[in-house]
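You will see two complexes here that share chain A, one where it goes with chain B and one where it goes with chain C.
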Partner chain A sequence: MNLLLNGLLDGLNISLVAFAFGVVWAAIKTVNVVQAEVIPACGVALWVCRNDGMLTQYVVAILIAIALAVASFVIVRLVLRRAPDPRLMTLIVSIALTGMIGAVLQVITSSQTVSPPKVLPAGFINVAGVTLTWDYITAGLVSAGLMAVGYVVLRFSRAGLALRSTAHDSIIAAANGVDGRRVALFATVVGFALAGTAGIMQAGLTHGVDPFSGLDGALEGIVAMLIGGAGNPLGAVAGGLAVGFVDTAVTIYVGGTFASAIIFAALVVVILIRPAGIIGEW
Partner chain B sequence: MEPSEYLAVTDVHAGYGVKRILRGVSLVAQRGQIVLILGPNGAGKSTLLKCLSGAHPVGAGDIRFEGASIRGRSSYRRARMGIAWAPEGRPVIPQLTVTENLNLATFATKARSSREATFRRYPQLRALAGRRAGTLSGGERQMVALARALEANAKLLLLDEPSLGLSPKVFQDTVRELAALREDGMTCVIVEQRTAFVVGLADRIYLLLDGQLHLSSAESIDTHEFFEGYTSVPELQEGQ
Partner chain C sequence: MSAASQYILLLSIINAIGAWSVAFCIRGGLLSASHAAIAGAGGYAAGWTILHANNYFLAWLAGIGAGIVLALVLGLATVRIRGLLAAVATLVLGEALIASISGIQALGADIGLTGLPLRVGLDQGIVALAVVIVLGMVVYKTRLSIQLPLLANSRDVLASVGSRPTSSYLAMMAISGAAAGIAGVLNAFSAGLVQPSDLAIDTSLTWLIYAVVGGAFSNIGPIVVALAMTEIELQSGLGEPAQLLINGAVLIVVLVVRPGGLLGRHSTRLVDTRRRGLRGPPTSAFSRARWPGRRSRAPTE
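This part shows the complex of A and B:
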């Protein structure tokens, strides 16, 4: 039961990161690595605005996520005008931007791990003999709620239809009047805002933000996205929960050192057996 | 250009890398006409439709639609001007439901026709509305593509091998539907191999050989033997 509940809460947070990356992947079919840097950037924003009240901290953090989304989108687009391979160039340019954003975060934090104020409720509760902390419960519920809303938007809204049609066949979507650039911008803003929210919650759960974490902090989410099925919101949930359970189980029974290695091994096995992920395409 | 030239393609060149596929293609279509483009495999018929839809760039030449040049306009902008394109073998998005495929019409026009009107014209689609398009037969997929174009109030329909995967009976139904669309004023450019069904329907017939279009006529085409080693242009009939 301990494994089940802790794995579930851990997995929901990973799922949100996977979901956020999946939304962008669906539109551009690659990873905009800047999205990974959004996670510590939002944590650092909480710390910078630590004296300005909780609402201001949240708003500033999310605005920073959206600003990074728009800036990276525009810069990548400018480069792509002359680039022969959009996916590769998106990856390369976003890696370069990630280095620049990481450097800015290091300047702001003096390359130290900073501790933003508590953004999640404290305390604990006993559920079926298992002690759970309210910060993990809150983060899990927020993640689940955001993913549920995201799923409904993708499944039933006009913007969701534009994104899904572009994800499945961008040429046919465009031939029906769907503006691929607007879809990519929409997906990037939504994906970055979700990653920013995940960053706020990670800062609340770990009580510290490492300005060097960047891609490392998002890696579990990216792996979860690939395990579940890139671009599929249900795949993000499944992949996140799978990674969460494996992470928790390995940490409890084997030791935390091996968790990452086993998760990456699981990714290789899943890709060998089901290249499109456990759930596959949407 | 004469005012009646609804679609005018002038000296269009296009290709893939160094390979030149279209070398000075020109054609005209008037409003409400069905234009048929024939030619052997690899002649560039699909490339021509891609150029018309905006899915492939034009290297040189011009494409005018309703009097305005659309060369350089992106695919989605052409769709919003009323150009609908159903590529070979994938007229719909198979992962989406029939309803969702039809709803794509909302991106091409703000004044789409009603879903009820679609179901009156294609009653079979009502029962299929919730099904994934990937589970439909070839004829049903073609029907969804035509219905979507109608809902989007498309003015120019580009069909690439609409007979692909269809039984002769189902394709005859499609041909009848195309004739009805022409009566409604829709202009169609069709690339097709099964000439026996569509040659009689076409107002203009072009042969695409060696990267160039040649105006031809129904009488000059042996519909049963058309692709048996066709290498030259038969009985050109200018001014048809």
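This part shows the complex of A and C:
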């Protein structure tokens, strides 16, 4: 039961990150690694605004996430004007931008782990003999709620229809009047905002923001997205839960050191057997 | 030249060899983010060998061999996938290797292997760099240099001309892994230790940036850029944040202005299949010039 509940809560948090990456993947068929830096960036934003009200902290953090989204979108499009192979070029440029944003975060925090204000409720509850903390429960519920809202938007709204059609076949979608650039910008902003929210919750869960965490912290989300099915919200949930369960199980029974290795080995197996992921692409 | 300057130059040479190894993979269509891990594995193998066998030559062989083996493992894992999935797979494998090595007590766990003899100086670094450059020049004269762009662009075409894409891919990985292993051994014996942090993805991404800025399809482009940028950054005493900012800015500017790299071919194609010596498409088997005994005749009314 301990494994089940803790794995579920951990998995939901990872699912949100996977969902954020998946939304961007659906539009541009690649990973914008800058999303990985949004997670610690929002945590640092909370720390910078620690003397202001809670609402101000949240707003500033989300605005920073959106600003990073727009900036990375513009820079990537600038590079892609002359460069071929847009998917790999996007990855290369986003890697460079990730390093630059990480450098800025290191300067702001003087390369130290900072403690942002507590954004999640404290306390614990006993469920079926298992002690769960309210911060993990809250983070899990928020993640699930955001993903549910995101699924509804993607499924029933015009913007969601445009994104799904672009994900399925960008050429046919363009032929039917769907502006690919607007869809990509919309997906990038939404994906970054979701990653920013994940960053705010992670700051509350870890009680400290490491400016070096960027890509390392987001790798589980990327792996979960690829395992579940890139660009598919249900795939993100499935992949995130799978990664969460495996992570918790390995940590409990084997040791935390090998959790990453086993998760990554699972990714290689999935890629070799079923490259589209467990559920498949959207 | 002072000892500090010599050490900085040696670090530049290590980065240059690492960047060359990454560039070699890019030619074959693989964007690798785990070459620092391969180099680190080479360093660990060399360090373990020197500590237990006390044979310097054997340590070099072990280091290069470990680099080749790990690169082949990576190659086997990514041979069936391409593009972004392959890049992510390399990223993941690199992180998995770091996580695994950190848990192995025989390799020093988080501390790493220490007490290695300081056997590498600037002269050995220059020799190693020369070996890598010559290796690139030799490969350029072989069929592999033509197979690599086809490997990146169209494996079906490569197969249709009688080559085996898998063999070419694994050959590419082996050569690249050997170079990375050389870099790892140099690093281990110049610093006297090898740690899990030597396998960090940050180093791989820095090599990737040098490779792209220098020109992945150039033999010396990544080497020159890596030497120059490392020398400038270390001699000027810039901190890590400044180095990251400069590397990122230089990459973006180069990709906008000269996508093929500073010393690469000025081409907007990521994979350039043009090559010196080719005069154009092969003539058709039904061309008149190929039919024996026939002479070209003007059409009669």
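Going forward, the second predicted complex is superposed on the first by the 282 of 282 C-alpha atoms of A that agree within 3 Å, B and C clash if a C-alpha of one lies under 4 Å from a C-alpha of the other, contacts with A are read in each partner's own complex, and residues count from 1 in each chain.
The definition used in the following text is that a contact is a pair of C-beta atoms (placed from the backbone, for glycine too) under 8 Å apart; a residue touches a chain by one contact, two chains touch by 3 or more.
These numbers come from a predicted model, not from an experiment.
When the two complexes are overlaid on chain A, chain B and chain C sit side by side with no clash.
Taking chain A as the reference, the larger set of touched residues comes from C, when chain B and chain C are compared. Once the two complexes are overlaid on the shared chain, A:Ser165 sits against chain B while remaining clear of chain C. Of the two partner chains placed around the shared chain by superposition, chain C is the only one that A:Ala96 touches, whereas chain B remains out of contact.
Residue contacts after overlaying the shared chain place A:Thr138 against neither chain B nor chain C. For the combined arrangement built by superposing the two complexes, chain A sits at the apex of an angle of 80 degrees to chain B and chain C, based on C-alpha centres and given in steps of 10. Legend: residue contacts after superposition of the two complexes on their common chain; A:Pro275 is shown touching chain C, with no touch to chain B.
When both complexes are overlaid on chain A, the residue A:Ala173 reaches chain B alone and has no touch with chain C. In the overlay built on the shared chain, the residue A:Thr206 is in contact with neither chain B nor chain C.
Contacts of A:Thr56 after superposition on the shared chain: neither chain B nor chain C is touched. The gap separating chain B from chain C in the superposed three-chain model is 11 Å, by closest C-alpha atoms. No residue of chain A contacts both chain B in one complex and chain C in the other. On the side of chain B, the complex with chain A involves touching residues 53-55, 74-76, 79-80, 84-85, 87, 90, 92-96, 100, 103-109, 148, 152. For chain A in complex with chain B, the residues that touch the partner chain are 158, 161-162, 164-165, 168-169, 171-180, 281-282.
Chain C makes touch with chain A in their complex at residues 31, 77, 80-81, 83-85, 87-89, 91-93, 95-97, 99-100, 102-103, 201-202, 205, 208-209, 212, 240-245, 247-249, 251-252, 255-256, 259, 268-271.
For chain A in complex with chain C, the touching residues are 29-31, 75, 78-79, 81-85, 87-89, 91-93, 95-97, 99-100, 102-104, 106-107, 111, 215-216, 219, 222-223, 226, 255, 257-261, 264-265, 267-268, 271-272, 275.
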